[in-house]
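In the two assemblies presented below, subunit A is common to both, partnered first by subunit B and then by subunit C.
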Partner chain A sequence: MRPSRRFFVGITTIAALFAVWAVLTMVTGTVSTGRFPSPLQFWESARQVLTVGYADATLFAHALHSLKLVVMGFLVAIAAGIPLGLLMGWSRRAEAFVNPVFLLIRPIPPLAWIPLAILWLGLGDAAKIMVIFFAAFVPSVINTFTGVRMIEPHIIEAARMLGTGRRRMVREVLVPAASPMIFTGLRLSLQASWTTLVAAELVGALAGLGRVLNVAQQDIYPAMVMVGMAAVGVLGWATTRLLAMIEARAMPWLPARA
Partner chain B sequence: MSAIVFESVHRQFERDGKSFPALDNVTLTVADKEFVALVGPSGCGKTTCLRMAAGFEAPSSGRVLVGGVPVTGPGPDRAVVFQQFALFPWKSVEDNIAFGLRNRKVPADERRERIAGAIRLMGLEGYETAFPHQLSGGMQQRVAIARAYVLDPQALLMDEPFGALDAQTRVVMQEELVRLARVNPRTVLFITHAVEEAVYLADRVAIMTRRPGRIKEVIDVRSIRAAEAWDRHERVEDVMDLESFVHLRTHIWRSLREEKVGGER
Partner chain C sequence: MTADARPPSAAQTVGLGAVGLALFVGIWLALTLSGIVPRQFLPTPIDVLTRTFELLAHPFAGATLPVHVLSSFERYAYGFLLAAAIGVPLGLLMGRFSWLNDIVTPVFDGLRFIAPIAWVPFAALWFGTGIGGPIMIIFSGAFPPCLINAYRGARFVDRNYIEAAQMLGTRNMRTILEVLLPASFPSIIAGLRVGAGIGWQSLVGAELIVASAGVGYMMVQGQSNISTPTVVAGMIAIGIVGLLIDVLLRRLETHVRRRRGLA
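Up next, the complex of A and B:
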């Protein structure tokens, strides 16, 4: 399908869903607005949190707070994860050392770190970053590692034949050769970052979108819950798009994907 | 001095937990600045021989020496043209060719000049900034040859370097290789399936047996080329028409054919 046509079809689908939503809640009343808010209630709640604020801050402040934590946790995780993955992929000895630790940590779901993070670091930002770190670290290490192991042996042999030193081998051979897998890891890491952040904020937080969701739930305010969910969705989508744009620019040599 | 010497080289490989011999007592010398073509049935161990000289692989027993020194690993003194090209997909044609020179810290001016020369030689003008996936198989192969050539190595190890070229380009490259060998002789180990190509290019042609590979026969082409004055002819097809050429070619064909009939596959 042509991009413009694709876009049109997408818009139509969403508009149709909106119409069904409006009809079921506002016209026929099939769905009780006490449980599932109407588009109008949704809009009112959005306006409230955007202007006056909700749970001690405006939507913008909550969103910025969550975004900041995700970006920080994600960056710290990949700054540690990619080099470790490269090292493990390149050196069997490093893999032999690190892998047992990984086998131990990997089966623990990232969310299971939340209680420990709160006990150690309280309800503030540090605990959130720790939890995001554990969630985002693993996929970036594993995919980078796999990416290095999947490099065509001939490519590495060609580099060695050309007398490539260690630094250039890493920067100009291993990283670009493994980069499709590295980016797969980054996408998974980013997703995991959002998931764990929201979960950690739900358990306890002083600000952030998870706190909006939590307070709205306690206030029995479904429209505000949905506004919070929508905000998480929009931010998650935007960061994923940004990563995809970086990915496309970072690997200009790949044949264009349709 | 950069003679390549194989001394009673054996090589075992493992498959499905069973060990089998791929090379059985290969002894062969490529003298300094000599061009030796290696021909033999598929799977007889030609690539394995070349990989040992390159330093990617070690013999199970026996020795491989280059310039009198046992090979311990790969290096830019022995440039390899891989059967599978092995270009860097993320680097442009130019950057692929430049890679080895940059490793050696060749000054930028000289580097540019040598790269331009290699690009001209291989007929890659206009494709300097293209990525490998944007080139045809034959052009990718020419980039791989340029990447090796530009290093001006002591020894060239070429694994079916013209295999992916069309017949016309192949002839141009063959003539070019002969011209280069005259002005700037190099020690070359050259693997090919094309018997005519081997006879046309090589000083000597080494014929291998089917697996496990041994050197069955080494044909001295150089003395016949000199005696029959092949070099009087500029063009490949004229040389290939000469009676002495046809005679050698047929001899090698027969020798190879014996290896294929009843050969294990």
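Up next, the complex of A and C:
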């Protein structure tokens, strides 16, 4: 309950883990560095990929490439998903029309689209954007839909009684009232985007963090694998934080979520 | 709240759905049969069905489709059960002992943003590409929801139950097994369901990248042989198994909730 104690224990745990890691790999040699890198190797690999580069580019270029694809796939997916969710939530007829097809496609995990995407679009960026689209589309539709259905009827009735037009209804009633759920969907979409991108890049890519992981795996270079994973984690964290900041800006009437 | 003055009747719902489906299949057929899209890239629905039935009897990439599905499912079951067997008890303990929570949470938060799939190189290096590697990937996907839901379930158990148990001199172990576990059961089941879904996803990813058998492997082989119907047949098989797992656990969840008077 006391944040100070929690903070203290957290720092101690991380420090202890780091110490155990260093001792096991560098002092006693219990863990073979051929399988798990030592902190020193990690640091050296990080420096190598940052300055000289690895797998044809520096870490910055790889990270930027992955980030660009995630952002593009995510934006395209939500640009299609949120309006579809709004429409399905608003009209039961639209829901009845779209639902069977949606139910047919939904059980197929986004990662299962990867081979098809490669067949269709090759190993380049377009295939990645396609699978990210499939990954991010479904959560944004479902959550927007649920958000609209959960709006209290009297809010819409009041707006209607005051003669609100269709466009204003969507912009000033539906979207704001459904936005907490919409943002929950966006968060899930973003997570799914990263997972799918990393998988797609591991299956085959010309650049990106997944390629760093892939090449490092083939070179049996555990320290570089770890650097790649850390980069994936940091980018995932940073984009999630960014989305949370946008969320707080977009809905100033709600208490901030962690 | 919806725009419809009257909700559509059951017949209208079915009718609209049928029109939607017919449109979907119709566009697919029109694109492929007219030759706008080469059949090599997008097979007709009939091609896919024929190929699926063919795969039931004739092996591709070393096995028939059912054998691939079974070998995928075996790995999946091990990985998921391992995640549940470690995640649920650890979550309950974290809910009971806040010091344990303080220790585990920072580590967990640090690892949380690494997509399960990013573990693939290490999984292959540590446990090989046979059964061990994929199990580790499934584990890393299914573990977090199992842990989080067990923890939340245990954390939000009515304090009175725990205090009553303690007052009666119940030991910690028994408190966990006989108070926390039953009281947080609905939350645990919900976590298992989410974990099962993510685990199945992760299995597909792992098999696409490292495995030497299984549906994902079959799809990659289909992809490199430019056999699009095989790839689509694999997608369908994965979808069906995933759906079955979800339906089964959803049933279980509803059953548990109903027995608790929650639904």
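Descriptive notes on the structure:
By definition in this document, the second predicted complex is superposed on the first by the 241 of 258 C-alpha atoms of A that agree within 3 Å, B and C clash if a C-alpha of one lies under 4 Å from a C-alpha of the other, contacts with A are read in each partner's own complex, and residues count from 1 in each chain.
Rule of thumb we're sticking to: a contact is a pair of C-beta atoms (placed from the backbone, for glycine too) under 8 Å apart; a residue touches a chain by one contact, two chains touch by 3 or more.
Computed from a prediction, not measured in an experiment: that's the story for all the values here.
Of the two partner chains placed around the shared chain by superposition, subunit B is the only one that A:158 touches, whereas subunit C remains out of contact.
In the overlay built on the shared chain, the residue A:176 is in contact with subunit B alone; subunit C does not reach it. Shared-chain residue A:253: touches subunit B; no touch with subunit C.
In the overlay built on the shared chain, the residue A:167 is in contact with neither subunit B nor subunit C.
Judged by the number of subunit A residues each one touches, C leads among subunit B and subunit C. Residues 152, 155, 157 of subunit A lie at the contact with subunit B in one complex and at the contact with subunit C in the other.
Remark: subunit A residues 1, 5-6, 9-11, 13-14, 17, 35, 89-93, 96-101, 104, 107-116, 118-120, 148-149, 151-153, 155-157, 191, 194-195, 198-199, 202-203, 213-214, 216-217, 220, 222, 225-226, 228-230, 232-234, 236-237, 240 touch subunit C in the complex. Here subunit A touches subunit B in the complex through residues 152, 154-155, 157-165, 168, 172-173, 176-177, 179, 251-255, going by the rule given at the top. Residues 54, 56, 73-76, 78-80, 82, 84, 86-91, 99-100, 102-104, 131-133, 147, 151 of subunit B touch subunit A in their complex.
Listed in rising order, the residues of subunit C touching subunit A in the complex are 1-4, 7-8, 12-14, 16-21, 24, 41-42, 98-99, 102-103, 105-107, 110-111, 113-122, 124-126, 200-201, 204-205, 208-209, 216, 219-220, 222-223, 226, 228, 231-232, 234-236, 238-240, 242-243, 246.
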